[in-house]
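Once you scroll down, you'll see the structures, which are given as structure tokens.
Heads up, the next two complexes both have chain A, just with different partners, chain B and then chain C.
Coming up: the complex of A and B.
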């Protein structure tokens, strides 16, 4: 008891000492769910971190911890960062939501930014990107390109963000191809290349010739490449090493401008807790180059959709739309509000299967 | 629900592929533990094997050289464990954990320039008549050769442990190292060889993931297979054929549950996702009712003067 309290005091003292020493530098911490070399989600967050370093040079110091499991361990890592004098901490996975809130309570002076969650606090901002806009573009290409009319979808966890993506892709695939079916497999992991590859192989064996993924590694791309006539889309990062086939386009997360702006806000003392949700228009979601494997007219159609989403003339969830059970959701011309989208827990009409609880 | 979408032949063929990395790592660790050493560094040796094999296969263009490189890489990393536990007599649990952490970091460093590269393809077995047989062909006669190596290795280890003099000595060392020492056997030397064999097998298992199962290099790509292999050895009661059964069960249920999901079977996905772990443990626990116990000297440090 006594020993631990001495230790704790020492740790706090050490933290204070380092923060006092580093007062002229703003220290920014990043907590990653996968390794920085995953080629997808974490890779892009890390690019954002490097952009912060490049932008501010000596005025900033960044630290990161990779492959942090979503759970109590995340709390330990964040606490450690806060004790080491971080002024701003980005926690970059949905599963860090509660740990972030818990740690933020203990360190009211440290600013936290949680990606893709919905719990805000005095010193906790949330930020995410409207990936579903990119999914709409993917769905259009998928619906046009599939010959078997079976699109395979590798889900990670059944959380609103993933379900939103499935719905958006499905709506737009159906719009251009009324016969299209989605086969959805839940991997229950963000990052496990072997499992992701297995999931892709299973979907291909069951007839899918388009694979959409909401997991972080490039393994499904490799599986599709090995299978031959299957197309895929880069997830979170461009994954252009698999272009022009199987990867025909991609959703690219561009976090750098946001990270730079928020770091600047901390430096200026103007940081306040906000909820940011930007899409293609604001540049947070990028659409990777559509490769030559896609016919020109499909490419033009996809780009037109992208432009309409970017300038706000079209919303990816525009009625008439029904829920899976056949009940009405959006009337003709009505668009979904952000609240419903943020907590989306239902499939739209036409998707088969149940969402796991 | 559409079960007809599942092709049973492809399913069995792909479950064998999914099981092989696990089997290779488990067989290696089984020999190590039979010699009385607990090496928790399997995950670390696997991932180092994965990148060593990948790098060498890419540089030389030969997947075979890649696999040899992976075995050598895993064995070299296991030498670190040897130095810690057999020479410096450090605690085996701590050393093994350190080996895993070290391996994960080292592999990330080694793999920096190999992200996004496609490795040379591994040839598959292609026997004129047999590979073309309708059902049996795809299941038994048209895999990559490393998969057969895994099965052959299981048979060889079983024979070695059960019927050869070398196996008897190895087991003696694992059961009672003092007695083995008194009989004049070189306890440390035998253990060092076992540990290196374990490292080489783990390396092969890792390379199987990076060269055949996925095939690409991504940091941390073994994602816990090494830990499952460790658990498998225990649940298999340190018996090679049971390890094979366990690996195939685990790999099998993993692939089956993905297939069932894709076919839209009305079983909650949560149950499907946990099924590989539960079924494998259940079957092996039932099998281990014959009270076979762990090697008596498992995890104990040996020093000749004690």
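Coming up: the complex of A and C.
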């Protein structure tokens, strides 16, 4: 017997076995790229998991495996979850994309949800958040708050997700402060407190008095606190332990509503493969409380922008906008389409430096 | 009072027994750790060691042991040669990365052509990549007397940067919408290191690991170079009198370990992993050091140790999923293994004695 058919038989057998008990419990698995205590990305996904448990109580059972490397290990962890009867599996890192597709092929009955990727299948949905909307709010605050006119930005990897954030923050910082400059450091990690602290220190030494970060630890906050008059923003998680200074606001990933809705869909048998990209409006991206270190009028301006983004009256990428090389991108009043945003690999006009590759 | 007394000769019995005792001690203290975390220690240890081999889903986990163990064994065999001669290649992780990059690069250069010779060429390129990366510390040591431990380790970080650069630049999938990572070699038949028998976990990397074990065994026991390696490690002065050329030995040991690590990287990238990505390396090069020592630097021992290490990985994941053990606890558990092994190694060279009371 072929291996896939063994797996399939096992899955069907399990399917029968679990559907017999299915009325009482839906099993939901989560695969995490970092430790649940990272204080950022994985921490928020785990909060989503806990919310699912709380919402459904005895009707669900959740399992998770943390710090799973992207690659064959992830494939094994997902297979293990599927074998042990998971009905729905959330794979919460971009690098789990191909493993998710591979495992999903072997377990057609199990539903998969892959975060931040682009490969969908019959039983694989993709979901992500429009973090760039939050970046627009941060950019506004950064542009207003900087005195040195130098904003430091800790990039993780030069991928569309991160570049989109840089562009969005820059556009809105420039809008309120035409003299603002961005200094970008690439840390080549999502989570490495030592590297992130180094990056923050370098930026502060170069005169940055605002630090934006696309990495998940609180090390930049600590570095800013040590330096004194530098402000930062929480990333992925609120990081409110550093409020009111240096952390003046944050982007919070709020996966709970999505996780609950998708679990409900599996319970109701209404689950279908979808591609979800939600922002502030749907509540997937939250803006952490803007602290008192920010003047009231700046706070009001930032909140007004947030509301405009939320109700859809304003798009974070609205023309006229040019690319870094001076070529036209968006005409007056034109907004960026999702395809371009998803694969964004260029800076907008005014950002100095090249995207490394 | 207890004193340590040096044995006139290393104890053979203890040398064989320490890995077993270390495993038992790890089980015991690991059990205490799990108990302190509020888990049933017997169940946890049982899950880690029993489930992958004989549990309900062992049909899936057993092949996975091969997938996880093969790169460890392949790398550890190479490292053990150098370690025996006192040549410390700590940078196998970097050589592993380079083997993957060069090997995958060759494969991707042919894309989308299908031909039988592509995979063999990739294998050669993979071995070459790892070999070339190991030649840097080897050459610097031979020529300038630098410390190969430091140089080979630092080269790991260089390789990691290069890996990131390749994933984002040269080898990036042109159809990947700007996302990092190369094309997936699993969907390119000529470059795919597929399972030889479906569902068995046996891919060319597993075969290579087994060949390496046999090769190392023959080399060490039947071949002059192997004799020189052992002699240099055990009696450096005698080795010099016996006409061992240190430079040649350094180049040989680092070269072989680099090439084997490179092969491991190539088989991984073309098989289980499938693509060059920023986080392609997951620490096999470092874990292999533990495997080499756990296996007493003996080829057969390494084979067993590789299997054991793979078991703790896979069992550890199962324990995480089904018992909710934190990943860090599993890592501590694995760390204990090396810790106890090194600590107990003392008994090979020393014996513990109750000191006689000296009467003045």
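The rule we apply is simple: the second predicted complex is superposed on the first by the 333 of 357 C-alpha atoms of A that agree within 3 Å, B and C clash if a C-alpha of one lies under 4 Å from a C-alpha of the other, contacts with A are read in each partner's own complex, and residues count from 1 in each chain.
Just so we're on the same page, a contact is a pair of C-beta atoms (placed from the backbone, for glycine too) under 8 Å apart; a residue touches a chain by one contact, two chains touch by 3 or more.
The structure presented is a predicted model; accordingly, all values stated were derived computationally and were not measured.
> Would you mind checking whether chain B and chain C clash or fit side by side on chain A after the superposition?
These partners clash in the superposed model.
> Which partner does A:301 reach: the first (chain B), the second (chain C), both, or neither?
In the superposition, A:301 touches no partner, neither chain B nor chain C.
> After the superposition on A, what does A:53 contact: first (chain B), second (chain C), both or neither?
neither
> Could you look at A:67 and tell me whether it touches chain B, chain C, both or neither (first, second, both, neither)?
Touch partners of A:67: chain B and chain C.
> Figure out whether A:188 sits in contact with chain B (first) or chain C (second), or with both, or with neither.
So A:188 meets both chain B and chain C here.
> Looking at the overlay, does A:35 come into contact with chain B only (first), chain C only (second), both, or neither?
both
> Looking at the overlay, does A:160 come into contact with chain B only (first), chain C only (second), both, or neither?
second
> Between chain B (first) and chain C (second), which, if any, makes contact with A:345: first, second, both or neither?
Second partner only.
> Name the contact category of A:95: first (chain B only), second (chain C only), both, or neither.
So A:95 only meets chain C here.
> Look at A:80 in the shared chain and tell me whether it touches chain B only, chain C only, both, or neither; answer first, second, both or neither.
second
> Chain B: which of 109-117, 127-135, 181-189 or 217-225 bumps into chain C?
Of the stretches 109-117, 127-135, 181-189 or 217-225 of chain B, only 181-189 runs into chain C after superposition.
> So which positions on chain A get touched by both chain B and chain C?
Touching chain B and chain C on chain A: residues 35-36, 67, 158, 188, 356-357.
> In their complex, what parts of chain B are in touch with chain A?
The contact residues of chain B facing chain A are 5-7, 10-11, 14, 18, 21, 108, 111-112, 115-118, 209, 213-216, 218-225, 254-255, 258-259, 261-264, 266, 268-270, 273.
> Which of the residues in chain A come into contact with chain C in the complex?
2-4, 6-7, 10, 29, 35-36, 63-73, 75-77, 79-81, 83-84, 94-95, 98, 102, 118, 157-160, 188, 342-345, 356-357
> Sort out for me which residues of chain A touch chain B in the complex.
Contacts found on chain A: 34-39, 67, 152, 158, 183-186, 188-189, 191-195, 197-199, 201-203, 205-207, 217-219, 222-223, 225-226, 241, 352-354, 356-357.
> In the complex of these two chains, what residues of chain C are touching chain A?
Contact set of chain C toward chain A: 57, 59-60, 64, 67-68, 161, 164-165, 168-169, 172, 177-181, 184, 186, 198-200, 268, 272-275, 277-280, 282, 313-314, 317-318, 320-322, 324, 326-328.
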